[in-house]
Amino acid sequence: MTTPESARGPGMKFFIAVWIGLMCIVGIEVSITFRHLPPRELLVCLLVLAFLEAGIAVWYFMHLKYERAALAWSLLPALVFVVFMMDHIWPDAFRLLSMRLLSN
Amino acid sequence: MSEAAHQHGEPTGFIRKYIFSVDHKVIGLQYIGLGIVAVVIGMILSWLMRLHLGWSTLAIPGLEKLSPTGAPANVMTPEYYLSLMTMHGTLMVFFVLTNVPFAGFGNYFLPIQVGAPDMAFPRMNMMSFWVTFTAFLVLIAAFFVPGGPPLSGWTAYAPLSAVGESSGPGEGLGQTLWGLSIAIFCVAQLLGALNFIATTLDLRTKGMSLARMPFSTWAWFITSVIGLLAFAVLLPACILLVLDRVAGTSFFVPGGLVINDRMQPHTGGSPLLWQHLFWFFGHPEVYIAILPAIGIVSHILPAFLRKPLLGPRVLIGCLAAIGFLSYMVWGHHMFVSGMNPFSAILFSVPTLVITIPATIATLLWIGSVYGARIRFSCASLFCLGFISVFISGGISGFFLAQPSIDTYLHATYFVVAHFHFVMGVAAIFAMFAGIYFWLPKMVGRMMNETLGKIHFWLTFVGVYCIFMPMHYLGLAGNVRRYAAFTDDFLAPLVPVHQFITIAALITGAAQFIFLYNLVWSRFRGPKATENPWQATSLEWSTTSPPPFDNFGGRQLVVHQEPYLYGVEGSAGDYVMQTSPETVEAH
Amino acid sequence: MSDVDITTGMGHAGFMEESPYGIPSGKLAMWCFVISDAVTFSAVLFVYGYLRIGSPDWSTPFKFSPTILNGIVMTFILLTSSLTMLAAVEAAKAGRKSAGFGWLCATALLGALFATLHLFEWGRMIDDGWRLFQNPLGGSVHFGAAFFSITGLHLLHVVGGVCALAVIALGYRRGGYNSIDVEVTGIYWHFVDLVWMFVFPLVYLMNAQ
Amino acid sequence: MGKAFGAVLIIITVVSTAVFFFHDFGGMSLWLPVDASEHGHGVDHQLMETMYGSGFLFVLSQILLGLFVWQASDRPQGWKYRIFPGGAKPMVISAILLVGIEILTLSFVGSKVWAGIYFTSAKPGALPIDVQAGQFAFYFRYAGVDGKFGALHPDKIDEGSGNFFGLDPRNDEAARDDIVVATMVIPVNREILLTLHSKDVIHSFYVRELRLQQDIVPGLMIPLHFTATKTGRYEIVCTQLCGLGHYQMKAYLEVKTQEEFDKWLKDQEAAQ
């Protein structure tokens, strides 16, 4: 029993290229870590790279690219939306800094 | 990985057939049965609580046997009151409101309504139930451990729930069991949600396009999507809570706490973090309870109005909108929690916006009742009752959605009235409607209508007597979760509580009429025909009860919209979904 | 009817409505699980972020050698295991059974190697005095809690994945599982890899000295 | 059956609404107590607006439902059903318009009221009072003559010797003259700035007459400011589940005139 639609992958050569690309991103991540940026800038850089990496993994490794577009359009917005809503906890995290009981 | 539905034949042994069954119908009944056990326990707990609230020194015979420490000389202690309250909330929210309308009816009827022989993953389905059952046992075990059940409420706010026994009896092993039970429950719900989604999308029979799915199927589908994302947050939250309790971490516990004159070892955590995680799940959970109820009522109502509902697409859109918005509003539980006050506005606006789809749905129901010739039966009465209590409960949401009013009404009986009406009673009414409507299909016997109508009237008037006065108490500032009302301003309100208690006792007793009716009808009720209500959806195109593979080897083909009532059909004033005849528009 | 695998969404066009995504149910369920699990991991990472923002005395103890270096090796192993998984899926699709089995075993072995290295890492940290509730450097105790719970949750997924891979590999060779099952397992395995792509920068690199 | 349902529903609606109107029953008031704070009228106003708006919707929808069910009960066999005039469209439009306008106004006005209480900070002359909540009592601290609060040391908290806040008067000069009392006494018409903290679990500070509620979260110092406008004695109760004694956890708030307050404060300082 074969699935014709997901059968048309690009072949291993392409995946090896993607794999090399991902390793390069990991290399970049490590190298900027040791350039001792301020934590906030480092976090932004790392997050951008991590999302890039994850995007590549979802798109090619997990074959989302080779499925119908409807699948990606159903799954990814749901995840993005939920993670976006979770961001509403940050204002309270930052308040901790100024409102902590002094004795802690 | 992929499990073939129905490669396996019909099992013959008792255990494979009724206990570890992979048949979605048996599993659905198991969920409903578990829900009935939980609801009976939960209701008895609420009786005990109500008695204590009305007469706080009352001796309740036999209570000492249940808990010698919780009720010495049969008089409930304040801490035991809180324990019962916690267990009442947890049982009702998780094991009744989530289990019955969603997992119970959903399991039984979702595959049938889309014309499938079983769920997409029958073995995983069986696992979901037994994991749920395990969660139930773990929770009930809390009654029998030293210290008794936890007393921190179904919301288990840290640090009360996280620091262990020193903060109160029941906060020992009982609270740990609570955390474990809920974590296990999350796993079961996640598995169940996967199954529902795959079944709805993949196993629809020929002609059952998404647009032709009944409201109930839509509601179960949308609910499973909500559950998939919401329980995924509660699961790690409960695990972290248990870690705080048993492994010494401090996720939710700040430093410098002195409890019972003892310095706590924790440092640096945040109690608000637990509330955020809990309510991130908790608010969608409210819709996990109520959306299937809305779906069930919308499914049953047309069969008794003998006309289709107004704007079916709009109604489904409302369900989806409510599901979507449910993730944007969890902070309205936390207006006065010490959350950043700017966030309050951010959460308040979408909360108020939810009233728009909810109002549209309500108006659609009311508008559908207009101009109908209603067939009054227990099922339709409970549907109409549902609309009424849904309005009553929804209206108070206007108040609680606004932080400026919530600052007065938060944690009062106004809130208790609100969520009991809109989530508890409304969903319970839908369950009753579902049982009166579907029991003929599930067991092949009709229920007794006279007993059912007595049950309806007592329940309908009863819930208003119980919960309407709570609004007034809330406006008077009556604080919830109090074991007794000793404050100067609360003492004069006790007569109202006594009235509520009496109403609760009577209403609760009326439920035994229902249980009797259920058991009696199961064995002695008149035999049900294939389609006793002259309804149109696929579950009425098979025998009552349906055979193992639902349709006896037939592969149904769907030709019609789901609710063709009040038309000229070959069978009468309705056209079945499977009927190939052409129907003229009304 | 009864001998057709109706969950694959194929081979019964005459009986069923087509799935909107045109994929087998198992794959759809796996995708849904992945999304749900991603939310779980996000929640834990958000907890980590929340506590870290709220703790001015956060420790950043990781040196390039050995911890970060070890992390790089682990990342390399996990990424490579994704590649072997892809090879297994390609082989299974082409019907090359023994090759598929071999690649699956390779993936499982790499996963096991990753878990072993990770446990060594844990052992080293525990030797240094790190606990769920204890920070040997005197900074915020949340470091240990966050580190062990996040990596622990991930490790649990890796171990579960290795077990699943082993079961699938054996079943595939015997014929109990088909190429779709291999592909579905692949989605899970790549997801475990994907989570690591966040864990490595956020938990390791952000805590480098 | 339909007539019965309609009638019962309408009776329920009328009775429920009537109780809101006639909320005084022989000394038992089922309504908000007198408002004794500066911001309270905003809250009350908002509540009344909501009461009228949503009360209208409540009565309208319940009575319509009851009416339609009543009508539906004695229709002849073979009745051809009628569709609501206009179908679903008027429903959707009226819901969006009616509810939309209501929630728009409510959230605009309500946000202002909320912002007035919680977005602002206390004016410089406000009287600072420190509140420590614990299982199951509130304690209040005034800065004393020096106008400074002593530092808090949780490890020094000792209920037995009356050190509820964990002060260290031996080493901490600012702590020596701090006044710690179990009843909160404040002057009328002067802004009060509370700093709320808890020594164990979450509690909540709730005074009905002040229209104020704020959780007291352990580990946080939460500011809360208000001005009382009526003298009197009010109850402060805990509204966040805090353990077995939750229902008993309370304190009194005494709002006095400025002169009475000054005298009270002097007496307290002398007793220190």
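For this structure, a couple of remarks:
The chains carry the letters A, B, C and D, assigned in the order they are written, with residues numbered from 1 in each.
Keep this in mind: contacts are C-beta pairs under 8 Å (C-beta built on N, C-alpha and C of every residue); 3 or more make two chains touch, one makes a residue touch a chain.
The shown structure was predicted, so the numbers you read here are calculated from the model rather than taken from an experiment.
Per-pair counts of C-beta contacts peak for the chains B-D. Computed from the mean C-alpha positions, the centre of chain B lies at a distance of 34 Å from the centre of chain C. Rounded to whole angstrom units, the spacing between the C-alpha centres of chain C and chain D is 48. The centroid of the Cα atoms in chain A and the matching centroid in chain C are 14 Å apart. Residue positions 78, 82, 86, 89, 92-93, 95-96, 100-101, 103-104 of chain A each touch two or more of the other chains.
Among all residues of chain D, those that touch two or more other chains are 154, 166, 218-220, 222.
Looking at chain B, residues 229, 233, 254-256, 267-270, 272-273, 280, 342 sit in touch with two or more other chains.
In this structure, the chains touch in the following pairs: A-B, A-C, A-D, B-C, B-D. Looking at the complex, you find that chain B touches chain A at residues 225, 229, 233, 254-256, 267-268, 270, 272-273, 276, 280, 324, 327-328, 331, 339-340, 342-343, 346-347. Every residue of chain D that touches chain B in the complex is listed here, in rising order: 1-2, 5, 8-9, 12, 16, 19-20, 23, 27-33, 42-43, 46-47, 50-51, 53-55, 57-58, 61-62, 64-65, 68-69, 71-73, 75-76, 79-84, 87-89, 91-92, 94-96, 98-100, 102-103, 106-107, 110-111, 113-115, 117-119, 134-135, 154-155, 157-160, 166, 199-202, 204, 206, 208, 211-220, 222, 235, 237-248, 250. Across the interface of their complex, chain C is touched by residues 1-3, 5-7, 9, 11-12, 15-16, 19, 22-23, 26, 29-30, 33-34, 39, 42-43, 46-47, 49-50, 53-54, 57-58, 61-63, 67-68, 70-71, 74-75, 78-79, 82-83, 86, 89-90, 92-94, 96-97, 100 of chain A. Considering their complex, residues 77-79, 82, 151-153, 157, 159-160, 163, 167-169, 254-261, 263, 269-272, 305-307, 310-311, 314, 336-338, 341-342, 344-345, 348-349, 352-353, 355-356, 359-360, 362-364, 366-374, 376, 381, 384, 387-388, 391-392, 395-396, 398-399, 402-408, 410-412, 453, 457, 460-461, 464, 468-469, 471-473, 475-477, 479-489, 492-493, 495-496, 565-566, 586 of chain B touch chain D.
For chain A in complex with chain D, the residues that touch the partner chain are 95-96, 99-104.
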